[in-house]
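Across the two complexes that follow, subunit A remains constant while its partner is subunit B and subsequently subunit C.
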Partner chain A sequence: MEPLLQGLAFVLQPTTLLWIVVGDIVGIFIGALPGLTATMGLALFLPVTIQIDSLTAISLLLGLYFGAVTGASIPAVLFGIPGNPNAIATVFDGLPMARKGQAGIALGGAVIASFIGGLMSTAALLAASPALARFSLLFGPAEYFSLAVASLTIIASVSGSSLLRGVVMGAIGVLLATVGIDTMTGVRRFTFDNPFLASGIGLVPVLIGMFGITQALDDAARSRDLHQIVTQQLGRLFPSLRQLLGMWRIILESSWIGTFIGLLPGAGASVAVVLAYERAKQISPRPEEFGTGRLEGVIAPEVANNACIGGGLIPTFTLALPAEAAAVPILAALVIHGVTPGPLLFTSQPHFIYAIIFAMIVANVTTCIFQLGGIRVFIKALSVPPTLMPPLVILLSVLGAYALNGWMYDAVVAVAAGILGFILKRAGYPLIPLILGLVLGPMMESEFRRMMIITGGDMTVFVTRPLSLLLLAAGAGSLIRQLVHQRRLAQRGAVSP
Partner chain B sequence: MRRLIALISVVLLSMMIPGGLSASQVWPEARPVSIVVPFAAGGGTDIIARQIQRAIQRFTEAPIVIRNMPGAGSGIGTNEVLRAKPDGHTLLLSGTHTVTATLQGLTAGSIIQLDHIASLNWDPFVIAVLDAAPYKTLQELVDAGRQAPGKITIGHAGVGALTHLTAEALNKAAGGPWTVVPFEGGARLIAGVLGNVVTSGVFSQSEVQAQAGRLRPLAVTSLRRTTLFPATPTTTELGFTNIPQGSFRAISGPKGIPMEVRRAIASSVARAMNDPHWIQYARESGLVKTYMANEELERYFAVLTLDLSKLLRQVGLMK
Partner chain C sequence: MTRSSRLAVAAFIAAFALLALLLAGQIPSRHVKGDPGPQALPIAVAALVLIGAVAAMIGETRPRSSGAEPWQQALGIGAGTVAFLLLLPVLGFVISAALFLIGASLYLDSRRRIGPATRLLTGVGFPLALWWIFSRLLDVSLPRGLMGF
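Coming up: the complex of A and B.
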């Protein structure tokens, strides 16, 4: 009990609270600006934290982390540009909701969902850290490969009207991911002796291009009136309690998906949000309305991406193994301050862990308050004439892509991806499988090849390891279900014309 | 009135010129000095760069700024410095990574197109296995590999990086008993060894220290035993030859910096390395201090280039 109170007392000190709030506000801005990622913000703030004591430093970073992940939902809903890769799925229903005049509920719902997801994963961190940490070590190359195959198959088969188109787009994404230095042999692929191409085609520039620029071009082409979104009265921000309670299963399952994917080094929040979105679609009584502006479609990914934070921190604290890229600077902050992460941390310095847990809870609460409080200001600042909207979105996208590394190359990739995305979208090809292919391609390829090096070319390992087999079966299952579904539709169409 | 205003402006403007600037000081001028770190913020090299930056800043008026320019195995940041004006205001956190990047053609110029000014440290690698593993010494790991070919694996943190060359060099020196397995970064490699995907790995000292009790260090790749692992033998003691000593880090700049500016930078680095904060940081991180400047460092880079090019050819990353 005493360490618990010590931890609580520490977090409730005015200076700690102040630093958490500073982290939050900076984080929300970083999250809201496309191109600035949570990882980047944390890395840039790391030197600041060297000057202050370890717990305050971690609290500040946690505030920034939660802020950035939550803030990314703002441009996702209002402009259709995810501020961070973890907000890709928030766009699917967030933007249509804004178009229907429900921007307030979408933005508010996203914050509430983030809050719940953050708290759920904090609870997981508190309750089962050492036990859950072992789970992340159960995942070897075979399991990662199968996870990538399963996610890609599931997404390809459920997004868009045609299974074939989904699979083709997924494959194009995987192909694009092969550009750059091959991580297994160091061979440069499709780089044309260009040092930027040697770094590969960045996920974030493609993301910004295919959401931001594609959307802007699409709007410009349709000359759709975007003005209504930006100047509309936000009205209600809070979804009703009944609405939220009605989604208990989606919220619970999204929390689990977020926490578990967060545990796995290398899988990442962008995978978790897409999986949570698809799962929500399966649970929902009206799956066909997803993508047209359903609140569940915003809630599920926003619960999942904040749950990923807690999930990712579990192996960071208990195994010194940063599962999420953003956990690397947090681990570095621990090490710089002479705190040795590991299971011992839980027994030798329990007050430290409790303080971190309380800091996470406080960070969750304050992020929620500040983002909800600031939303109206944010929107007011954006009351621009309708014809200016598409150029503004394109400007933000190009700037965001450039800000990523300070490379013009990334801005060029974003513009190219935007134009390509526009053409593909017009032709009726879904873009999500392509982006997920880009995310999962490197993992799928390198884990497969790593496994082949270790087993000496024996491929049976993918079906003899139970977890791997289970994942492959899930992928195959969704493929078959979609095939059967399509055949049935075709038959029905033939019988009753 | 107008004259008075003019006079006041002149006085005020002259006050804006920093007082510390005198004719005898050749470096830095009264404008920012940027140190390009060719890796992302938060990584091992970045943390070292920020520590030395703070140490130099303590006695320098001009702001010293760290610029992270990651990409292409440190090639992007190196290119930025290769293109910069040789005035001592754009510097590179260079080292073994610069040698391997230039040798693999990831940069627009070779290692001799940089002026090497002062070295900072060696950061030796540690070969470690799971603490529950039956191998107590490096020799036992070699013997196990000889008895069951293909069964003993050694992981490293990235193709073309120094941990890769170290794994290959060790394997070659031992007669090739192991299978070398690449990972993407240190964190994945740790997960690989902890999860028993690979038998052993080439780690940085801080990584093994963070996993104390779960990873068992078998050897350190330094010439002498390090402060962090005094009980662990070095690869030299164990009779392994031609093994890289770990990551080497230095400060370099674009070719053509005037020699008096280079000397001034080198003496600032030397002074920073006597900073108590830096000394404490270096000791706690197990960094091996090494100070060489200008001509001596240029010669040392030539030796490093020769050694590493042999290893890169051996693994087929250089033709």
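Coming up: the complex of A and C.
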């Protein structure tokens, strides 16, 4: 009991609270600007933390982390650009909601969902850290490879109306992920002796291009509707309690998905949000309305992405294994301050762990307050003249891509991805599988090859390990289900192969 | 999109996959025992894309309904974006962004719903605000161009 009270007392100190609030506000700002990622914000703030004590430093970074993840929903809903990869799925229904004049509900719902997701995963961190850390150890290279294959096949089969096009796009994403230097052998692949290509094709520029620029070009093409898009009534700002209570199962399952996926190193929030979205679609009584502006389509991914934070911090603290890129600066801050992460941290410094957990709770609450308080200010962005919206979104996208590394190369990649994305989208090719292929490609390849080296080339290992087999079966099941579904539709003459 | 346009897109993907397959075949096969090597995955996925694209091309030969969607304005904005990208290192962020915003909004706003003052204020004010946020607040160096900002 004493360590718990010590942790609580520390977080309630005015200095700690102030730093958490600073982190929140900066984080929301970073999350709201497309191209500025939570990882980048945390890395930029790492030098600041050197000047303050370890617990305050971690509290500041946690505030920034929660702020950035939650703030990413703002451009996702208002402009259709996810501020961070973890807001990919928020666009699916958030943007249609904004276009139906329900931007307020979408943004308010996103913040409340983030709050719930964050709290639930914090509770998970508190309750189940040691046990969950042990479970994450069940995942070896075979399971990670199978997880990547299953995620990709599920997404490829559920995105768009054509299974074939989904698979093609997923494979293109994996192919693009192979550009650059092979990390296992140092061999250059598809680089044409270009130093920028040697660093690979960045996920964030492609994501910004395919979500921001593609959407802007789509809007520009339909410019007759532009006035209608941005000047409709905003409607009320928050979903009703009844609406939220009606989604209890979606909220619960999304927070579970977020915490679990967050726990698995390499999987990441972008996988969790898409899985949570798809699960919500399955649970919903009106799955066919997903993508047209359903509140559940915003709530599910927003619960999941914040739940990922708590889940992702479990292996960071317990195994010194950052599950997400954004956890790396937090791990670095621990090490810089002389704190050794690992299972022993829970027994040797329990007050430290409790302080971090309370800091997460406070960061959740303050993020919720500041973002809810600022929603009306952000909604004012919709009063921008409608014909300026597509060029503004393009400008923000180019700037966001450029700001990642200060390279024109990233801006060029974003524009190329945006233009190609527009053409592919118009031809009926879903863009999400390509992006997910780019995310999961490196993990898929490295884990597969690692497993092959371990087994001496024996591929049966992927089906003889129960968890790996289960994951592959889930992917195959999704493909078969979609194939059957499409065959039925094709018989009615409603869809192409 | 018309059927011929969709067929062209599928053919483009097939050509891209074929090129990737040929290039992947030239990746040096340097690996330890058991490791399929750095060329294995690119070859496998390029082959998958090629097969899928060819299947999509065959699928496009079958008749199906296609809705004509407008795209001409997107072509203009796409061209403007490429021009903006080319001007960025030459003119710097503020000037090229202002030119892009004003030009693109004039192109899209054929009925002139926005007054010249609003257009000028937004077109110049927004790039300046972004420049201040990124350069001064976030310490991100934006392209300066010949004018120095």
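Brief remarks on what is shown
Going forward, the second predicted complex is superposed on the first by the 476 of 497 C-alpha atoms of A that agree within 3 Å, B and C clash if a C-alpha of one lies under 4 Å from a C-alpha of the other, contacts with A are read in each partner's own complex, and residues count from 1 in each chain.
Just so we're on the same page, a residue touches a chain if its C-beta (ideal position, glycine included) is under 8 Å from a C-beta of that chain, and two chains touch if they have at least 3 such contacts.
Since this is a predicted model, take the numbers as computed values, not measurements.
By the touch criterion stated above, A:G428 is placed in contact with subunit C alone, subunit B being left untouched.
When both complexes are overlaid on chain A, the residue A:G456 reaches subunit B and subunit C alike.
By the touch criterion defined above, A:V168 reaches subunit C but does not reach subunit B. Once chain A of one complex is fitted onto chain A of the other, the partner contacts of A:G406 extend to both subunit B and subunit C. Once the two complexes are laid over each other on the shared chain, residue contacts for A:L46 go to subunit B alone; subunit C is not touched.
Contacts of A:A473 after superposition: neither subunit B nor subunit C is touched. More residues of subunit A are in touch with C than with the other of subunit B and subunit C. In the overlay built on the shared chain, the residue A:P329 is in contact with subunit B alone; subunit C does not reach it. By the touch criterion defined above, A:T185 reaches both subunit B and subunit C.
Applying the stated contact rule after C-alpha superposition, one finds that A:A9 touches neither subunit B nor subunit C.
With the contact threshold set out at the top, residues 44, 182, 184-185, 406, 453-454, 456 of subunit A are in contact with subunit B in one structure and with subunit C in the other.
Residues of subunit A touching subunit C in their complex: 33, 36, 44, 164-165, 167-168, 171-172, 174-175, 178, 182, 184-185, 187, 189-190, 213, 216-218, 220-224, 226-227, 384-388, 390-392, 394-396, 398-399, 402-403, 406, 408, 411-412, 415, 418-419, 422-424, 426-429, 441, 444-445, 448-449, 452-457, 496-497. Of all the residues in subunit A, the ones that touch subunit B in their complex are 40, 42-44, 46-47, 50, 136-141, 181-186, 195-196, 198-199, 265-266, 319-322, 328-329, 331-332, 335-336, 338, 340-342, 344, 405-407, 442, 446, 450, 453-454, 456.
Looking at the complex, you find that subunit C touches subunit A at residues 1, 5-6, 9-10, 13, 16-17, 20, 23-24, 27-28, 30-42, 45-46, 48-49, 52-53, 55-56, 59-60, 62, 64, 69-74, 76-78, 80-82, 84-85, 88-89, 93, 97, 100-101, 104-105, 108-109, 113-114, 118-119, 122, 126-127, 130, 133-134, 138, 140-143.
Note for the complex: subunit B touches subunit A at residues 40-43, 46-47, 50, 54, 66, 68-73, 75-76, 79, 104, 106-108, 150, 153, 158-160, 179, 181-184, 187-188, 190-192, 194-198, 206, 209-214, 284, 317.
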